[in-house]
């Protein structure tokens, strides 16, 4: 069997297939359909200091080969999460990466700090790219100096591995990746959703109550692959790639472009077991080609 | 899970009945639903997401029946599925309707179905007939025109009474099904108890909530919401909870007590 | 019959449905399938000072609900175009908007200048957003100062209506629209393609010889609609909207978001007569709703 | 244009034959092609683009036949089309093969088909038989294994000789069809004239160009390229022209004289 294991941001993963934040909840609901003992890691739905209810409905709509969402980061708050949700996740032999967000730079630091020493948490993914809320989102991820401040603050607030989740809604993503590296982030994950909008031509109302939302799914894959390839060639920092990954082939494409691991997002809604199928598929893909490790694919695109 | 299409026939107009045989046997209660995606379109991302459909009926030989209306891409693709095609599905999902009424609950059972909202109501009527054989079960069914009234004969066989309404007046009362309900309730004493089960467009449910508000009536509403996953992952299917916050239709519902929902959305 | 006519950038259009640049050539090939007398205008394939051959193949590949292209702006050069292609277009009772590009700011000005007084040309669309060539493209459209210089130069070089074609590959498109307005552009068109990439998982080679390419088609529609809506609300300049328009409903969505006209691009490849079907569809759409002019839709989204 | 599916049958393996009746009558020459998109999937953008297929045959009753291999999304969707389904198409497109050889041209006609490249070659063989009845017509057909050899019986009926090759050696010569051609040409005097018609993967055409380069042979190659529009709009289907620049396969081809193409791509 080819070796699928990988170490990223100092986290040892059984395999490089993760569940993307916001598409697997805190693990409970997907666990019935997907064996969490088998995935590389679960990245949990975004967590903030205090509970938030999320946006009013409608929160989602389908678009050609994609979907828009403006869920608005409903979350139970750090305390409840640590008390009630981490214990569930600890039952599984997997890695838990907690996705966090905050309304201010300090809040990012505070949330990050709360996880220090919490058993069962292996890393933090810092969402600076949510397009759906005023706080804690895209305003940080599309401004280089704001990104720098968040990364610096989070880095100082925790000894856990820090992964920064980048926004694709920028002219040039490379400087953002560089800032992450400069400020001591252990890895980056990309991409979050593209900012989009859809209007109902019967009612003339936006299809989302939030007016705009984040575009995800197969439609955005070419944009994600391009950005991964750009960053891989410009910045020496490990990348967790995501954006439309639905099949083994999609995952392979991201590895060839330069990611060290991939995360499956929207595809979980089509098939909550798809990550397991991709893990098995990657094993077969390597085996058929006589490649002994997933590392043989990373950045191997032939230019 | 996988199932095989046993038949997929147009009943009338844009209404279809799909019968599938799941690879493992299924138990379900009325009001639960499936998330469905034809396997042949797995590699095609248009439509991308699976679609929710109520379980219309479970046949004695273990088949699942879906009653659906072709309204857009997902249902159009479903209508193209032929015998022996494979269907991917998740389910039964959601809570379903409670059919064992609490001891204290007395009075009639009123079942209100708007349009394709009738899909789960035949099974519900059967279940209620079995669990509360002593009760009167009145079914209100409404549609735009006669073609939109489904399952009428089957319902007539099991319900105490079936009251029909069409917007164009071509069958039954002319108007919304909620007007039929209102008219019926007005005839009774306002102290009389009743349990209302309803499934249909959210504006219909909202109207029912308004109608029964002053009365001594329990309500169980099956809500609609756009769904991506059907199992609590995406948090997309939110509806407003009275008093603040949200329910997820797929996980907390799709059946809710009417008074817990804030219909101002 | 509802009134579909519109004036944009001082160009009177019979209806607001245009053929997008690069998807209808110089008119000859599409004329056999689509009655050019009926479209609002044809925007011709990009023209530069000198002929250029374009990029090596493969130049296109399909992606979920979209396509990538790296055609690389093959063009016959201004002189040949005026001598050989304009006469053909003049036979039709339509408007001709010539899409132009250049390798330098001065070249933009020179190309623009060449069309002064050329009969049969009703306006210029200035492409500062092609992602596929080093010159004449995205480098101008993603840099505010470069955009300013191009618009200023072109504006000074011609009395023809000037439409600037904006790139979606920017963090915030509003300042770009503002610069266009400030520098005297008559209208903007948006969006050009999103920069994307796709890798063949069998050969490990990029699917395009140019490595990256421009993503177009239904997949990008939500991004386009969002950007149109943002600009409509922030800048007082008429917008020609495009990006994935394939049906009447898509066109309506763009009008509701704020465009004064729409252009059909990739959809011409699916059906070269689709623009005519959309024109007819728009008429019916307005009629069914008792709206007497297409102007009743512009920016009418209910927020 | 619209056409109706008369039949759409699997011949063997992943090979299908589609017969459609266009709404208006069509004339075409061998080597021309259609851009095809099933009408039922018009509103679905997966696959987005129409697909090019050679005209396999024109039947006397005005039907169009397409011979195709299911390799991906577009062909998979095509294979799901049933009788009476509607097909949108453009065509006949492109130049097709010249079948009236110039007076001076003497020698044999050699037809080389690789894999599904055989699709237009039966019609071509028929046409050449009709226009040059006095000439010897040798058909070389190659495939990976026996299942990949199509139309063999039909070709045998009209060609002077049919030479088969399979990579696994299960039928005919073991090896590439180009090796069969090479072996055949080596037997002849290098002064002898011939006209080679070829359709298949571009590497096959490149190899043929190399083989015939020193010989006194005319070549007509039908080239493949990814196409978006098929009618000269997208400029996506470029192939390198010898001496610089590009041809568009859909508009300048798909048939080119071999020596005009630069195969180094």
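Going by the order they are written in, the chains are A, B, C and D; count residues from 1 in each one.
Basically, a residue touches a chain if its C-beta (ideal position, glycine included) is under 8 Å from a C-beta of that chain, and two chains touch if they have at least 3 such contacts.
Values in this document were obtained by computation on a predicted structure and should not be read as measured data.
Q: If you take the chains that touch subunit A and keep only those that also touch subunit C, what is left?
A: Correct list: B, D.
Q: Find the chain most remote from subunit A, comparing centres computed as mean CA coordinates.
A: D
Q: Measuring centre to centre with CA averages, how many angstrom lie between subunit B and subunit D?
A: That pair's centroid distance is 54 Å.
Q: Just how far, in Å, is the C-alpha centre of subunit C from the one of subunit B?
A: Roughly 47 Å separates the two chain centres.
Q: Could you put a whole-Å number on the gap between the CA centroids of subunit A and subunit B?
A: Going by mean C-alpha positions, subunit A sits 36 Å from subunit B.
Q: Which residue numbers or ranges of subunit A touch two or more of the other chains?
A: 64-66, 217-219
Q: Which parts of subunit D, given as residue numbers and ranges, touch two or more other chains?
A: Each of 43, 45-47 in subunit D touches at least two other chains.
Q: Edges wherever two chains touch, nodes for the chains themselves; is that graph a line, a ring, a star, complete, or other here?
A: Contact pattern: complete, every chain touching every other.
Q: Which bits of subunit C are touching subunit D when the two form their complex?
A: Against subunit D, subunit C makes touches at 22-25, 28-30, 32-33, 45, 53-62, 64-67, 69, 71, 74, 209, 217-219, 246-247, 266, 268-272.
Q: Can you check the complex and tell me which residues of subunit A touch subunit D?
A: Within the complex, subunit A contacts subunit D at residues 64-65.
Q: What residues of subunit C sit close enough to touch subunit A in their complex?
A: For this pair, the touching residues of subunit C are 63-66, 68, 142, 169-172, 194-199, 201, 203-206, 211-212, 215, 217-223, 225-226, 229, 244, 249, 252-253, 256-257, 285, 300-303.
Q: Which part of subunit B faces subunit C closely enough to touch in the complex?
A: 45-46
Q: Please name which positions on subunit B make contact with subunit D in the complex.
A: 40, 43-47, 73, 76-77, 80, 82
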